[in-house]
Amino acid sequence: MGASADRGMMEIRLSGSGGQGLVLGGRILARALLLDGLCVAQSQSYEPTSRGGLCRADVVAAESTPDHPLVGELDLLVLLDPIAAAASLELLRDEALVLADSSLADGFSDGELADVYLPGVELADVDLADIKVHSLPLYQTAKRLGAPRVANIVALGALTTLAGRWSQEAMEAAVLEEAPRRSSDLNLQAVRLGLALPEGQRVAR
Amino acid sequence: MTDSDSSLPASFDIRDYLRTDLFPHFMCVGCGHGIALRCLLTAVHELGISKDELAVVSGIGCSGRIAAYIDANTLHVTHGRPLTFASGLKLARPDLTVVVVTGDGDCLSIGGNHLIHACRRNLDITCLMLNNEVYGMTGGQVSPTTDEGRYTTTTPLGNHEPSFDACSIATAAGASLVGREITFQAPALKNLIVEAISHPGFGFVEVISDCTEIYGRRNDLGSSTEMILSQKSGMRPESYGGALDQPFRPGNWQTGVLSRSDREEYAAAYRRRTRSARPEEQT
Amino acid sequence: MASDSSSGERQNLQGNVACALGAIAAGCRFYAGYPITPSSEIAEQMAARLPKVDGVFVQMEDEIASIGAILGASVGGVKSMTATSGPGFSLMQEGLGYASQAEIPCVIIDVMRGGPSTGMPTRPSQGDVMQARWGSHGDRPVIALAPASVGEVFEQMLRAFNLSETLRTPVVVLIDEAIAHLSETIDLSSSMPTPLASRKVATGDVAGFLPYAATDDGVPAMQCPGDGYRSHMTGLTHGEDGFPTQDPATVERVMRQLLGKLDRNMEQIECFETLECDDVDVLVVAYGITARAARRAVVSARERGLRAGLLRPITLWPFPERRFRELASSANTVLIPEMNAGQLCVELERLCPHPGPVVRLNRIDGECISPRQILEQIEKLHAHD
Amino acid sequence: MKEAVGAVEVPDAGERRIMMGNEAFARGIWEAGARVATAYPGTPSTEILQNLGTYPPEDVHAQWATNEKVALDVAIGAALAGVRAATAMKHVGLNVASDSLMSQSYMGVNAGLVLIVCDDPGIHSSQNEQDTRLFGRLAQVPVLEPSDAQEALDLTRLAFEISEEFDTPVIVRSTTRLSHTRSPVRLGERSKPPERSFVNDSVKNVALPAHARIRHPLVIEREARLGEYASSPELARVEKGTGGLGIVTLGSAYTYVKEVLPEASILKLGMPLPLPERALREFSDSVERVIVVEELEPVIEQAMCALGLAVEGKAFFPRTGEFSPERVRAGLQEAGVLEPRPEAVALPIDPLPRPPVLCAGCPHMSSYMAMRALGARVMGDIGCYTLAALEPLSAIDSCVAMGCSIGLAAGVAKAGTETRPIVATLGDSTFLHSGIPPLIDAVYNQADISVLILDNHTVAMTGGQDHAATGRTLRGEPTHRVDLEQLVRATGVEWVRKVDSYDIAALYHACRDATEYTGVAAVLSDRPCVLDPVKIQGPPFEVEAAGCTACQACMNLSCPAISWTAEIMDGRHKVEIDPIGCMGCSLCVQVCPSDCIRATANGANA
Amino acid sequence: MSASSRLSDRAIAPQATPTNVLVVGVGGQGVVMVSRVLAKLCERNGLDIKQSEVHGMAKRGGVVFSHVRFGERVYSPTIPEGEADIVLAMEWAEGLRWLPFLKRESGGLIADTQRIVPPFSCRNRKRGALHGYQTMGLEELEEVVARVVAVDATGVASEVGNRRAANTVLLGVLSSMLDFDPSEWREVVAEVVPPKTIEANLLGFERGREWALQETRAELPTPPEPERPTHAADRVELEIVEAWCKGCDICVKVCPERCLELNGSQVAVLRDPAACSGCRVCEWLCPDLAIHVRILPAQEEH
């Protein structure tokens, strides 16, 4: 381990339920950050998760090896399933950004977390200050491509645009490198649709 | 001992294969293990295996002590585990002839799991299981092959557990050569060992040995001579079948090669399966 | 899966993968193991990778068989390893004892999980620290390494094999589940500084060869089957000739050499890291994933003006006692965060040069200790000053 | 002679049949109208009773007796009760029966009583070659001696008539040669002797000292009358030849003399005892030189010397062995009577030794293997198993006569010099014959011995006759079967074990335990004879030559089905098994240390 | 006394030389059966006959012989030496045994080439030991015997499906040399053999007879050749390492030659070196590996 700096550190979590491709998403994300020159630490929940169970993939990134490789205060959170919300919302640091599938926050395109109704989510204990929620039709987009399973890739694209902390090129390259080769075209389409989804909703920190 | 490798002495003297300075060996009067030792070494000689190419792995118990007497690469390992050490050794060094010497307790009880899986894998190892029906080294406790009703220190009122047949287990588990011999039929035992070592695959050889001092005495089985002769009459060569009304079958053992199959040897199968990954195959 | 080529030398690797790569880089050509969470990826990696380097992978019927097999392979002259987790590690203790007694090089990875018994198979824990030290019966030399990052896993695998080979002793690598399943960016090219070492191989006169002869470094040369030495190896207490003996003088002599060989080679064995230890009030001693949290905590503490320092043993056993005594003697307090009920703590209480406070920070709930927890503790300890 | 069981058609009178001497004796007994006939089997006499068993049971009661004395006693009883009776035995059987004979001679008979006693010159199958004529002289009873099958029939009939006319038991002496030679016989009618019943005459019938003193002078007087009778030309036939030489001869010797010296004057004696004094004197007077040609003892020659007649005989002829034309010729050559003949074809190599051996599959082999293994001092007995004294079993240290083994063993034990285990071995039939009293004696006198009873369920030596422990009579009818084990226990033997003879280890263990027992211990080694009365042949075994180490341990069984092959290993021959000879007993498999003996295809387990 | 008249009936008979056939073999081969066939033929033809054999021990693998003499008048039941017209041997070595009985000028030997080796012949277990079964080849035999017919009767019998029919094959050969009607032979054979085997035996008889009546016998069977030494008479050295022997007694008990014993200190010693055949059984079965057998080349004799 080099000298402790943790410069440019960010903590990202992709969360949802089993079968949503979060672990792959985490790997793609870590890869994209690596390609952009960052040092990453990527971890995930390890319990055997069947479809429907809680699942997460965390990425910690910094300019050099992060002191601590596990997330403690999330900068970015992707929510694909309401089941994942409770465990992660409490970790959100101030001014964190949440990307949720539109099915979770019906009727809202985006807004403050406090204003967003997330079915089945109790927000009582969460300090919701300055947390932005972007609700985007990740699944719907994936369905348009005929492959709901690429919602995770769409999400990565959207997150790339929303976060603005790593390059779109790196993300596209990471998708191609990490996702199964035989569906490269599909994944590329997915990530590109995702990149375009926020339509100028990029939030600068 | 520098005349080690291929030049074998023209006239066979077992002492060329022994660590003679350790003799007389520690085994009891009339212990059949010594006969098995001779058969093993004679087989090795007959096969022209040099002492340097030979590795003998043994476990714990009276049988385990045999390895030390053999002038070869010898490994006296933990209880029940000689097959595991041997598997590693053979996989690491396919050029070696690896022979495991084990006992009924070592092989079938504490090492039973290793036995069945070694049989299943079919690695080119010869396993010589010396079955004297008792834990001799620890003072004569009941073993998985102790006959029902026999007295041991832990069955003072007679053994109530049934014993099992190692050869059937080995066959069922997939050993590609399974055989049994009694010490009285030493030349046949030697031949069986020759066959097992030559056989490309896992060769399981059960040797019906005798424990005169600790087991025989307690069960009034007579002198060592009488014990090995009883084994002889307790065996059932295929040839006996039907010839007579089976008048003399207390043990009902069959001897010789009991089963054989030409299953692919483990290392060969491994190499075949992993061929595509191997560097030399890719060039 | 990390690609080996597309991004140069920098790549994201999972700890378990790095472990396998490190092993292969260290020259390991034989792996035997039994699947157990959270170590299984190591086996999977070895299964895929060993054939490529003409090595052999075998999945054994259990952990007992696994350690037996690697010891057999090692006797055959091949660098060998196995990987397991707590329950399997328990099963391997007899074989470890044998390896110590017979002085057979081998590397055992213990990816620690919650215990006791089946415990929490997927949750991190540091509960095997003492098992690594005392798990097998009798007195025996023990080397255990505790890497704290994926990159270090790779590096320490190289060291583990080198130590094992040169000192003819089993080396245990204790990996936290959190690191085993963590993907980190590492640069393999910069992680390859260690030259590979191999065991001292017997040469010279066959006739007078003593497999356990006394040597200056306490490590006898090892014969390889086929080289003509035809020695005997046994788990029984043996003399210099390798044959069993119970002669008290011989036993004493040979056991002394066995137990003394680590001391004689402490320079290459000892390995630790210190951070901010020049003027320490609170000395944090931590290893593995906990040390990563401690590191951030210490950095944060320093940012807040608290004089905290970190001693991070990489070679956990033998523990860097001398350095610890030095640091502890100048610190007010020693803080030992561990993901167990306080195993290393007991050892350090014994080592502490003064009866000053040795404070435990333990977590036994299957969660990692967070930087914040340690920082709070440091703050609290300062507040008490 | 297994076909003895069940009556067959009796040939009609007047027919000319080729018959074995023993068959002719049987026919003679039947034609004489005998109602009771008894015997204990013994070569060469066995076939007489066996053959009688083929005559209708309503004509004659034919039975095996426990031993020769019992046989004679049964016959005596029958004669006393008024029917003609016969008993047959081999020469040494008369030793057993002699006790009764000696007194019976004094008592005389009521109905005719004939003993057919078969001598064995040359000792083809016996333990000695005693001359039964000497017994006749000792017992003062007449001895008739036929020389071919026709005479065997004729003289047997005559013997009954002599017996009744002179009130004496009569011996008809045969020899192995006569008993086992077939020649033509013209058959006669069965006569109907006068009806008689028991005669109440205690002086005659009860052998008290006082009575015997009265009877002895009568016997001597009877002897004189018989001597005169024997001199009649019918029984002392002179065949006038050319030249001055006269040959006195009888029995088989007569045929050899006729063969080599057909032209000589001959006095052929049909009844050598009591001595036909008158006939001898007259013949001596009629020729210039008298030579007696008689097998075995010089009975006639010495008697003639005693009469003061000039006679030669044993100077030229041996007292041992069986005569043959060659031997008679040689003697006559030596006597200067015959010119030497040109030599016969010379045998360029030594004849192959082919001594008798235990049969393939013989259950006795394992018993003696056990004896060998025990290193026992073995007192043997009479039976096939006496062959175990020979190489390679070499397991019998002594054997004297029927039933002697147990007594001998007890004696060895009482001598106190023997350090090895002492074992008596005897067959089932021998045990019943004369082994029971010595067993009782051994128990009674607390001898520390082991008794190994080789129970092969038959009288094997003579070809598989029944006895009291087979459960069948001579005619093959079921009868009570003596339980040998119970019998042994009843004598007081407490340690008794019965083992399968084919289980070598069990047999050995039983024998070992028996020898370790203090006192009389008995082991019954139990397996039927493979050859008699029925052949028991299992699938044969064969040797896998590759596995044979030529150690030849199996050769110690002395099994005749095992021999050498041409294949040599280490300088020794490997072995093979003759598939026809092998009975499938598996004993060789049990001793083979190299596991190379296997069943042939038809013997393998299905 | 009616018996006397019978005796005198045949005081003198016209002399005519009897025909002498000596049937020889080994116990169990059916020698007696062969002679019974001859006896029955004589019975049918009203000839005088004497047929003599020995029972008892003979059946136990020993020598079996049967003298058959027939003609106008026969006295001696046994054939004098040098007087046999035919020796019919059912086993090769047995044929040789009885050669002196053959008529020197005209006697014929019919011999089965079968060998029955007695256990006695295999008794010498020393290295290089020869069979006690010593024999002569056909050529040697033809020098001393007027007529030799070597026939593989056992082989022929095997061909007709019953190895035991060898004796009827020989009878077929014999029938070609005796003056009896062939149909009578067949009838008598059928009478004498066990009912189940009549067919095989008659077939065997025909084969033997045909073979014997051939003008030139194309294929002469090969009679057994004399045994030749095939192996040098090596020496055996048996070494017992005293310090290794624990006195278990196994060698003493298993030695086929009984040449070992335990001495006073319970150590095995070679009691009878001359008896040791070097069979290695003791060596194989010594649990202490204390016995070493060495086979050394025979010492050259100068």
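To keep things simple, chains are lettered A, B, C, D and E as they appear, and every chain counts its residues starting from 1.
We take it that a contact is a pair of C-beta atoms (placed from the backbone, for glycine too) under 8 Å apart; a residue touches a chain by one contact, two chains touch by 3 or more.
Predicted, not measured: the structure shown is a model, and the values here were computed from it.
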Given chain A and chain E, the chains that contact each of them: none
Subassemblies held together by touching, chain B left out: A, C | D, E
Chains linked by the largest number of contacting C-beta pairs: D-E
Centroid-based (C-alpha) most distant chain relative to chain D: A
Innermost chain by mean C-alpha position: B
Where chain A and chain C are represented by their mean Cα positions, the distance between them in whole Å: 36
Chain D and chain E: spacing of chain centres that average the CA atoms, whole Å: 25
Mean-CA-position distance for chain B and chain A (Å): 62
Inter-centroid spacing, chain D versus chain A (mean Cα positions, whole Å): 115
Touching two or more other chains - residues of chain E: 253-254, 284-285, 295
Where chain B touches two or more other chains at once, by residue number: 184, 186-187
Interchain pairs in contact, sorted by label: A-C, B-C, B-D, B-E, D-E
Parts of chain B lying in touch with chain D, wherever the complex brings them together: 181, 184-188, 191, 222, 226, 229-230, 232-234, 237-244, 247-248, 255-256
Touch list for chain B against partner chain C, complex: 1-2, 4-5, 19, 22, 51-53, 55, 57, 67-68, 71-78, 80-81, 83-93, 95-96, 113-114, 116-117, 121, 270, 274, 277-280
Interface residues, chain C side, partner chain A - complex: 3, 6-7, 10-12, 37-38, 122, 148-152, 177-179, 181-185, 273, 275, 289, 292-293, 295-296, 298-299, 368, 370-372
Touching residues on chain B, where the partner in the complex is chain E: 11, 13-15, 18, 23-25, 27-35, 37-39, 183-184, 186-187, 190, 212, 223-225, 228
Chain B-touching residues of chain D, taken from the complex the two chains share: 500, 502-506, 508-509, 512, 538-539, 541, 547, 549, 551, 584-586, 589-599, 603-606
